[in-house]
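Below is one structure; the comments refer to it alone.
For clarity, chains are labelled A, B, C and D in written order, and residue numbers in each chain start from 1.
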Amino acid sequence: MSSLDELYRQVILDHYRNPRHRGVLTGPHVHAEGLNPSCGDEFSIDLKVEDGTIADVAIQGRGCSISQASGSMMTEAIVGKTLHDARLLTTNFKLMMGIDVGADPLDPERPGAVLGDLEALQGVRKFPVRIKCATLPWTTLADALDQAET
Amino acid sequence: MSSLDELYRQVILDHYRNPRHRGVLTGPHVHAEGLNPSCGDEFSIDLKVEDGTIADVAIQGRGCSISQASGSMMTEAIVGKTLHDARLLTTNFKLMMGIDVGADPLDPERPGAVLGDLEALQGVRKFPVRIKCATLPWTTLADALDQAET
Amino acid sequence: MTDLSHLRDDFPILHREVNGWPLVYLDSAATTQKPVQVLDAVDAFYRTKNANVHRGAHTLSAEATAAYEGARAKVAAFVNAGSPNEIVFSRGATTALNHIAYGWGLNHLSAGDRVVLTVMEHHANVVPWQLLARYTGIELVYLTLDDDYEVDLTGLDDLLDERVKVVAISAMSNVTGTLGPVRPLVEAARSVGALVVVDAAQLVPHSPTDVQDLDADFLVFSGHKMLAPTGIGALWGKSERLEEMEPTEGGGEMIADVGLYESRWAPVPQKFEAGTPPVAQAVGLGAAVDYLTAIGMETVRAHEHAITGYTLKRLAEVPDLKVYGPSDPTRRGGAVSFTLADIHAHDIATILDQRGIEVRAGHHCAKPLMRYLAVPATARASFYLYNTTDDVDRLVDGLFEARSVFGFDA
Amino acid sequence: MTDLSHLRDDFPILHREVNGWPLVYLDSAATTQKPVQVLDAVDAFYRTKNANVHRGAHTLSAEATAAYEGARAKVAAFVNAGSPNEIVFSRGATTALNHIAYGWGLNHLSAGDRVVLTVMEHHANVVPWQLLARYTGIELVYLTLDDDYEVDLTGLDDLLDERVKVVAISAMSNVTGTLGPVRPLVEAARSVGALVVVDAAQLVPHSPTDVQDLDADFLVFSGHKMLAPTGIGALWGKSERLEEMEPTEGGGEMIADVGLYESRWAPVPQKFEAGTPPVAQAVGLGAAVDYLTAIGMETVRAHEHAITGYTLKRLAEVPDLKVYGPSDPTRRGGAVSFTLADIHAHDIATILDQRGIEVRAGHHCAKPLMRYLAVPATARASFYLYNTTDDVDRLVDGLFEARSVFGFDA
C-alpha cells in the first residue's frame, strides 16, 4: 500500500464525510475547544459525564479529513467509557502517533487501551506535519476531562 | 613618502597641537555647531562679519588630528576674506577631498581659490573614512556663512 | 510565454527531490528560492569584508559600510525612490508595517481617527493597526471585494471623510492575487488629506514598482519574497513622512547623542536602524535586485501573467475546483488559491507533497479574508520566475490524484 | 595559553590582506568573523530546505521548521534555558531590549517607577528605557564605577526601594570589559521585588552562561557577536515574564486568531515572532552554537583571559598609554580600551589600519560612559577565539609607530 493509501483509509474518509456524534449537548455537560493556529483547524467537544462515565458526547469542528475523522472516531471510542479509561485511550493514541508522553504503551488487553477503528490513523505517523491534525481532538478531550474531574 | 606620512604632515600635527583662533568671540557674531555622529567629533565656530568680510573667527572642538587641524587651518585661510571668497574656498576644499560638489575646480589664481597650508590635507583623500573628519569644520562654516548672509 | 527556464540552473534547491519526485516549488508567495548569485554575494561578504557598519575607522568597516549603503542605493533605484535615504532597512514587511503604525501612528493619530483597510489584507497589515487602536482609540474600517475578487470602491466616496487619516492597502493579495487599487486610493486619500500605506510584499517581487509614480506615503516589502535572504526587508517613505516619524527602537546607530536621561536622534534613515543591522542580508538583497534587474521586471511580470493564465486554464479542467481570485490573468498576481470538492486544503497539500509538489494550505495569514470568503482554508499555488508550465501540469495531475484518493471520478 | 590558533583556518577572512599586511582583526566586540561551518550551514539551508516556517503542510516547510526550531533548542541548551519556549528569536540584542522595554515595560511600569542602570551601559540598554520614560514617566537611576572600573555597589542599599521595578545591567561592558555584578544585583533586586534584565551581548559569546543559575528575568544577546550571521539574536525570558509580556509587533505567526477588529495571540514564543522570522540566520546561530560548544566555552573564556592578560602586560610597555578597565585579566572581558598620549583614537585606528590591524575608535555606543570617564574617545582592541599573541605583538608594534608618527620617542 502506498503511504497515501495508508493515510487515507476508507474508514477515515467515511468518518470525515459522515462524522459521528456531531452537534451539541443540551442539559449539564462540560465543553472544551481546541484550535490549531498554524492551520486553522477547529474542534469543540461537549461531554456528559454520569457516575464517572462518559454518558454522551457531541463534537463540532472544521478542518482536514485527519482531524475531523480522528474526532469522529474518538467519540465512538470514548462513549460509555470511564473518565479514567478515556485518559488511557488518549495516552495510547498519542503513543500510536509516536508522541513521547513519558509513559509506556499500555497493556493491549485493558479496555482503555483498545484503539479499534482508530488504528486506521496510524498511517498519519509517517506524515509528521499531520500528527497535530490527528491529535487536536484528543488534546481538546483532555481539556474536557480535566473539567469533568474538577 | 608613505601614505601615513602624507596624511600626518608636520604642519597638520602642528595645527592639531597648537590650534589657531581657538576660543569664543564676544560682541556680535554668528555661531554654528557641527557633529560627526559616527565618530563623535565636534566642532563649533564663531564668525564676526563686517561689511561682507570675515573680521574675526574663533573655534572650539574635540576630535582627531585631521578634523582639528582642518579647522585650525581653515581659520587662518578665511579670516580677512569676503563671505563669497570663503564660500569659494569651501568649494575648493571639498573638491580637493574628491567630493563631487557639482562644480569645477576654481581658477587657482582667484583669491578664494588658494588653499595654501590647507593643501597639506590632500593626503586625506587616500583615506576615505577620514574625509568626513577633514570636512566637518567646513560644513560647520557653511552653516555659519548661511547665517551671516541672512 | 517568455521562457525563463534557463534560470532554473541558478537555483540549487530546484534540483532536489521530495518524496522521490523532482521538486515542484509552488510556494513563492510564502518565500522564494535563492539563486547562487545571491548566496555567493552573501558568502563573499562574510569571507572578505565582514565588519560592523558605520562605526569604524578601519578598512573592513569602511568596506562593509560601502557594501551596506551600496545595497540601500540599489534597493532605492529598484523602486525608483527619490533618494537612498528614503529606504529604511527592516527585518521584513511585517516589521516595516509595525514601524509605520507605531512610529508614525502613535504620534499622529488619536481617538476617532480612522484607518481604512481592505478585507484582503495580510495579518501584517491588520494586527499592527489593531494594536495601535488599543493605544490610541482609532477605528478600523474595511473595504470589501466585488464578485470578481477586486476591491470594491463603490462605497468609497461615502466612506472617505476628514476622519480618515490613513488608507493602508495591499498592492497584491497573497491569497487571491488581487491587485490593490493603489492609484485610485491615493487620489481619493489625498482629497481628504489621508496618508496611503502600501503593503507591497507581493508587488515589488513580481512587477516593476515606481514609488514616485505611485505617489503613496509609505511602501513596504520583504527581501525573502524576492530571491534575497530571510531577515531583511525595506520600508520606503517619502522624506517628509520619515522626518515626521518617531523611532520605534532605541539603541546604537540611531542616535546623534545619548545623555543619561535624554538623547537626540540621528538623521533619517539611521534614526530607524537601531543596533547592528542585518548587514549581510542587505548585501544579499542588493544582489537579488541586481539579478532581477538583469532579467527585467517587465519580463518577470510577463512570465507570471503567462503562467498564471496557463494555470487558470488548466485548473478549469479539474472538476469541482473553484478558484478564488480575479479571472483575467493580466489583471492579477501569480498567487492562485482554490478549493477542490470537499477535499480539505491540507489533504490536497499532503497528496501533492507526496508527488514533490509544494503548495500552501490554510488561511495564508489572511483570516479576515477567509471569513469574508466563507471558506475555512484554501490551497494555494504561487509562482515565480523559475516556474514552468511543466510545474503546472504536474500540479494538475496531482489534483486528479487527490480526486481519486478521495473517491471522485477522474 | 590555550592554543586555539588551529581554528584560524576555519575563518576565511583571516587570510585576507589589508593595506598589504595580513589582517589582524581586533574588533570582535563590534562583530565577530564567521567560520566556514556557519557559512556552510546557512548556505546548505538555502540550497536544500529553504521554505517559510510554521505555515506549511509540505515537506520543505516541515524541514525548514525543524531546522528553525532545532536552532531554538540549541540556543536554549547553550544558555541552559528551562525550555526552548523561553527563547525568542529577534534581530539582535538591541531589538530584544526594545521588546522588553515596550512589551513588558509599557504594561507594567508607570510614572515614578524606577529603572536602575549603570553608566557603562551600551546605548542599546539606555535609549529604550529613555523612550519608555517618555511614554510612562518612569525615572532612570544610574550606578557608577569605582577606581578599578568595577560597578560601584556601595550606594545600592540606599538606592533600592519599592520604587525600583527594574534593574537593567550589562553583564560585560563592550568598552572597559567590566563584568556587570549580575548575581549581587539579582539578589538585591529580589529584595524589593524588582526585575533584572541582563544585556549579555558581550557575555554569551565569551563565557559559559547559565540563565537558570544567574536567575535574572530577561537576558539578551546577538548572534553576530558569536560567530553567527547578522540579523539574528535572542531574548531569553523566564516563562512567567514572557507570559506577562505583550507583543510589540503584530502580524502573521504571532496570532491564534485575527478578526477585523480584534485578535488573539499565539502562545509564547510565537507571540513575539511576528512575520517571517530570520530563518536561515537562526540556523546559522545554531551552527555557531555547535561550533562554540565543540570547543567548549570554558576553553573560550580561558583563552580570552590569557590573551587579555598578555595584552595588558604588553600595553604597559607603551609609554603614555592608559587602559580604561579592570586590571585583573581574569575578572574582566576581552575588550581593552585605551588612549595613547595626545593621539586621538581615530588617528591611532588609521595608523594601525595601515598595518592591517583593525581596532575600533570612538564612543563605542556608550556615550554616557565616555562622559563619565571624561574621555571623548578611546581606541579599543577586542578579542575572540581566533586571536593570538602575535596579533597583540603586531598591535603593540603599531602603537609604537603611532607614537613615532606623532613625534614621540619610541
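What we mean here is this: a residue touches a chain if its C-beta (ideal position, glycine included) is under 8 Å from a C-beta of that chain, and two chains touch if they have at least 3 such contacts.
Owing to the predicted nature of the structure, the values given are computational and were not obtained by experimental measurement.
Between A-C and A-D, more C-beta contact pairs are found at A-C. Among the other chains, A has the CA centre that is most remote from the centre of subunit D. Each chain gets one centre point, the mean of its Cα atoms, and the points for subunit B and subunit D are 39 Å apart.
Averaging C-alpha coordinates per chain places the centre of subunit B 47 Å away from that of subunit C. In subunit A, 38-39, 129-130 are the positions where the chain touches two or more neighbouring chains simultaneously. Among the residues of subunit D, those touching two or more other chains are numbered 55-58, 61, 255, 257, 346, 350, 361-362, 367. Per the touch definition, subunit D reaches subunit B in the complex via residues 342-347, 350-351, 354, 361-363, 367, 370, 376-377, 405-407.
Within the complex, the subunit D residues that touch subunit A are 54-58, 61-62, 255-257, 266, 270. For subunit B in complex with subunit D, the residues that touch the partner chain are 2-5, 7-8, 13, 17, 38-42, 62-66, 68, 127, 129-130, 133.
Residues 12-13, 16, 18-19, 23, 25, 27, 30-31, 33-34, 39, 42-43, 46-52, 55-61, 91-95, 97-98, 101, 119, 122-124, 126-128, 130-131, 133, 140, 142, 222, 224, 229-232, 247-255, 257-263, 274-281, 346, 349-350, 352-353, 358-362, 364-365, 367-368, 371 of subunit C are the ones touching subunit D in the complex. Interface of subunit A with subunit D (complex): residues 35, 37-39, 128-130.
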